[in-house]
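Per-chain numbering from 1; labels A, B and C assigned in written order.
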Amino acid sequence: MNHPSQLDANGRLRHLLTLDGLSRATISALLDRAEALRAQSRGGTVPLSLLRGRTVMNLFFEPSTRTRTSFDLAAQRLGAQVINFDIAHSSTVKGETLLDTVHTLEAMHGDAFVVRHKESGTPAHIAAHLRSRAAVLNAGDGDHAHPTQGLLDALTLRQYRPDFSTLRIAICGDIRHSRVARSDVHAFATLGVQDLRLCAPPELAPTAGEFPQCRIFHDFDEAIAGVDVAIMLRLQKERMQAAAIPSEADYFNRYGLSAQRLHRAAPECLVMHPGPINRGVEIASDVADGPQSLILEQVANGVFARMAVLATLLDADTGTANQA
Amino acid sequence: MNHPSQLDANGRLRHLLTLDGLSRATISALLDRAEALRAQSRGGTVPLSLLRGRTVMNLFFEPSTRTRTSFDLAAQRLGAQVINFDIAHSSTVKGETLLDTVHTLEAMHGDAFVVRHKESGTPAHIAAHLRSRAAVLNAGDGDHAHPTQGLLDALTLRQYRPDFSTLRIAICGDIRHSRVARSDVHAFATLGVQDLRLCAPPELAPTAGEFPQCRIFHDFDEAIAGVDVAIMLRLQKERMQAAAIPSEADYFNRYGLSAQRLHRAAPECLVMHPGPINRGVEIASDVADGPQSLILEQVANGVFARMAVLATLLDADTGTANQA
Amino acid sequence: MNHPSQLDANGRLRHLLTLDGLSRATISALLDRAEALRAQSRGGTVPLSLLRGRTVMNLFFEPSTRTRTSFDLAAQRLGAQVINFDIAHSSTVKGETLLDTVHTLEAMHGDAFVVRHKESGTPAHIAAHLRSRAAVLNAGDGDHAHPTQGLLDALTLRQYRPDFSTLRIAICGDIRHSRVARSDVHAFATLGVQDLRLCAPPELAPTAGEFPQCRIFHDFDEAIAGVDVAIMLRLQKERMQAAAIPSEADYFNRYGLSAQRLHRAAPECLVMHPGPINRGVEIASDVADGPQSLILEQVANGVFARMAVLATLLDADTGTANQA
């Protein structure tokens, strides 16, 4: 799903629904802004006031402490007011439609809606039906996209390997159902990575042709050979049965990142994971906690990447504003 | 229930428990203040600091995302600290009494308690037992009152029809159980509306004599004839059976506001609804979304009406303050 | 459990896990700071900015509206950003380990973690595994400690009875399972109280030797004789059976603080309770609400005690700061 609708008539970002179709310049500008905001806020310790008077509403229809907190902190550190919705307890209880809820929140002058939903396309659906100039930020929708994850992964990687053109990257796990994998591929391919490898059990591999930029592997030992970056995906345990995987131990044996397997990669291969991690399932504890792991750097950069998106979409000087 | 206790010894508003018994001057002053705050905050985009250092505590014993968020934003945009209580998870779990909880929160220097409760009279009960000079704001109690809804409805209507003396208004739905209807009637009658019509199925009609200011109808086609404003109430679906209504379609057929039925009203009749709406039950989608609908304006004004009440009750210059 | 780890290499407080082992100077300094912050904030009505840019994260694995709100207000009134975790809905849902959750929150630059957990030792466990310079504040762990309760009780008492050396204090209730009793004993003994009496039913008495500073009683009439302060503990109703107590009425008869029993204490004996109270179980309503009761003063002081701890642990001038 390409979403031209996330750009306004002048080609500027109005929503962030997916990285698919965004230009290299747009993605690079977001990463540059994240770095500038990190510097400006001295690593998040100095509150900024860019979004003073703006209201950011977190609409999480799926629970996610990690991503919700990251957006909450990003908004607070930019000086915005934040409203968090526990959707299970919300007006959907009373049978109101999703769009009526959104229009109600727009009427209260919500400037940004951060939306996580188990159904792919929900953020785009909301964006298409807004009545104000509010911005929609996709915080993960079904299998479709998790664009701020793609941005924070690119931001993290860029700090350690600034030249993407020579990078060899393997992403391993349940590629078929992974919005993280999709957004990572869109980010990395757009930023110039040539050697992108996706590794999954056959039942969890992407459908043919979805990722023309990538080589598909079913054998992790092959996929990881010589790579500079290994990105491990979380295994949703409910997928194991469908994937004919008899046990977690078996999955780890075939697709887990052990220290031994990491030796097949390039020296100093970087290790990433979107979290939360299943220790001993997709990644060994000593690798997750080891010197090549960037897992906590990813978390730290998540806040700055989200600040950059919020600032870009809401800052009166550069983006759109609620003028309903 | 008239509550003289919501006024202090000087006749100034100390709590807002009901609009019943408030003078026209008091209600008008609240509406004027709401408009002033809308202007001063440039439509809610410029944060104010009137309530800096004050603490507003939202005690919602009934879930209500819409009203809770509106109060939360109102308090935040006035610079107050806000504490939101999810009462299901609160100290009532440990068997503490309601008043002990309130006294505890007063001791923490809560300046205002915004209370929603399914039992009529709970906010008044709390107000009667406070030990500090905190203010209680009724955010809806049982069938009794929802005074900020009455204010926001009057505020919205005043923008479009400033002369209330000539207005013909019909309120249609489950009048008997509607705190919205009660607060609307109190607001409109006090502000000078002469022609107030209440329409309900017989089983959901108000008891005889409760509304001497109003004419009671059971036939919506009669009630709506020639009115300038139609206010539709949400049908609680659990009431249908008690009201001998066989189906939602049947209810809509008899009491729903369709485009066709709206033609019986005066030209440019305004349409209001407190939300959340049941599309196709009490109101047709094309009417709810049509040019005569003020539903989202009501939501927008809700924030300003609540800002006005909070500012009036808590502002050191004009109202009461916690001096416990 | 003594926790030298809560002090840094210079002997300054880095975490607050327990009062056990803290010096009189350290505890007195915290109480002095609480009083200074009360004055500086004019009783909590003037927001301070000591913790501007800092992030306080409330991790409550046990529900506690009262303590959570107190910490939330303390942090807000010092100008910090606050993140509240409803742990039932958090990443533990996804099976992440507690330490992975904490490391993730550290990576987002959490400066302080306020931790309540039903397992004794959880805050210390977290403190021992931090990767940043964040501070851990124990908000109650199992039967072990509730150090801010001990501080607020000492703070409250000091206002009324500044000379601790002559005080006679009785603590009555389920001593064995009470983290409040433990932290109170640590505070009072360190601050110089000589006559400390613990009263409990035999089955709920502390194990022999745990409290060498205290005299143990099973008869409340004996224990309360002549005391200046009576501190009543909440009876967890699930303990009654284990304690061979047939009914609440029976418990009240033997261990409840009635007005009549209070007459056995010294004149003007002060009455305290950590709340929430079970009226008619451990304390009679007329005593809880009477002129000798400090129960609401305890609540009020709770906010200032917690402000003092947060300010001491996080203030760049005097304590530690997150420099991860």
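Rule of thumb we're sticking to: a residue touches a chain if its C-beta (ideal position, glycine included) is under 8 Å from a C-beta of that chain, and two chains touch if they have at least 3 such contacts.
What you see is a predicted model; the values in this text were computed from it and never measured.
*Asks:* Which chains make contact with chain B and with chain C at once?
*Replies:* Per touch definition, common to chain B and chain C: A.
*Asks:* Between chain A and chain C, two touching copies, which fits better, same or different residues at the interface, with half of the numbers shared as the threshold?
*Replies:* Here the answer is different, because the shared fraction of interface numbers falls below one half.
*Asks:* Taking the mean of the CA coordinates per chain, how far is chain A from chain C in Å?
*Replies:* 41
*Asks:* Got the chain C residues that touch at least 2 other chains?
*Replies:* In chain C, residues 86 touch at least two other chains, as defined above.
*Asks:* Contact residues on chain A for chain C in the complex?
*Replies:* So the residues of chain A in touch with chain C come to 43-47, 63-66, 69-70, 72-73, 76-77, 86, 234, 237, 275-279, 296-297, 299-300, 302-303.
*Asks:* What part of chain B is in contact with chain C in the complex they form?
*Replies:* Against chain C, the touching part of chain B is residues 52-55, 81, 83, 85-86, 89-91, 93-97, 100-101, 103-109, 131, 322.
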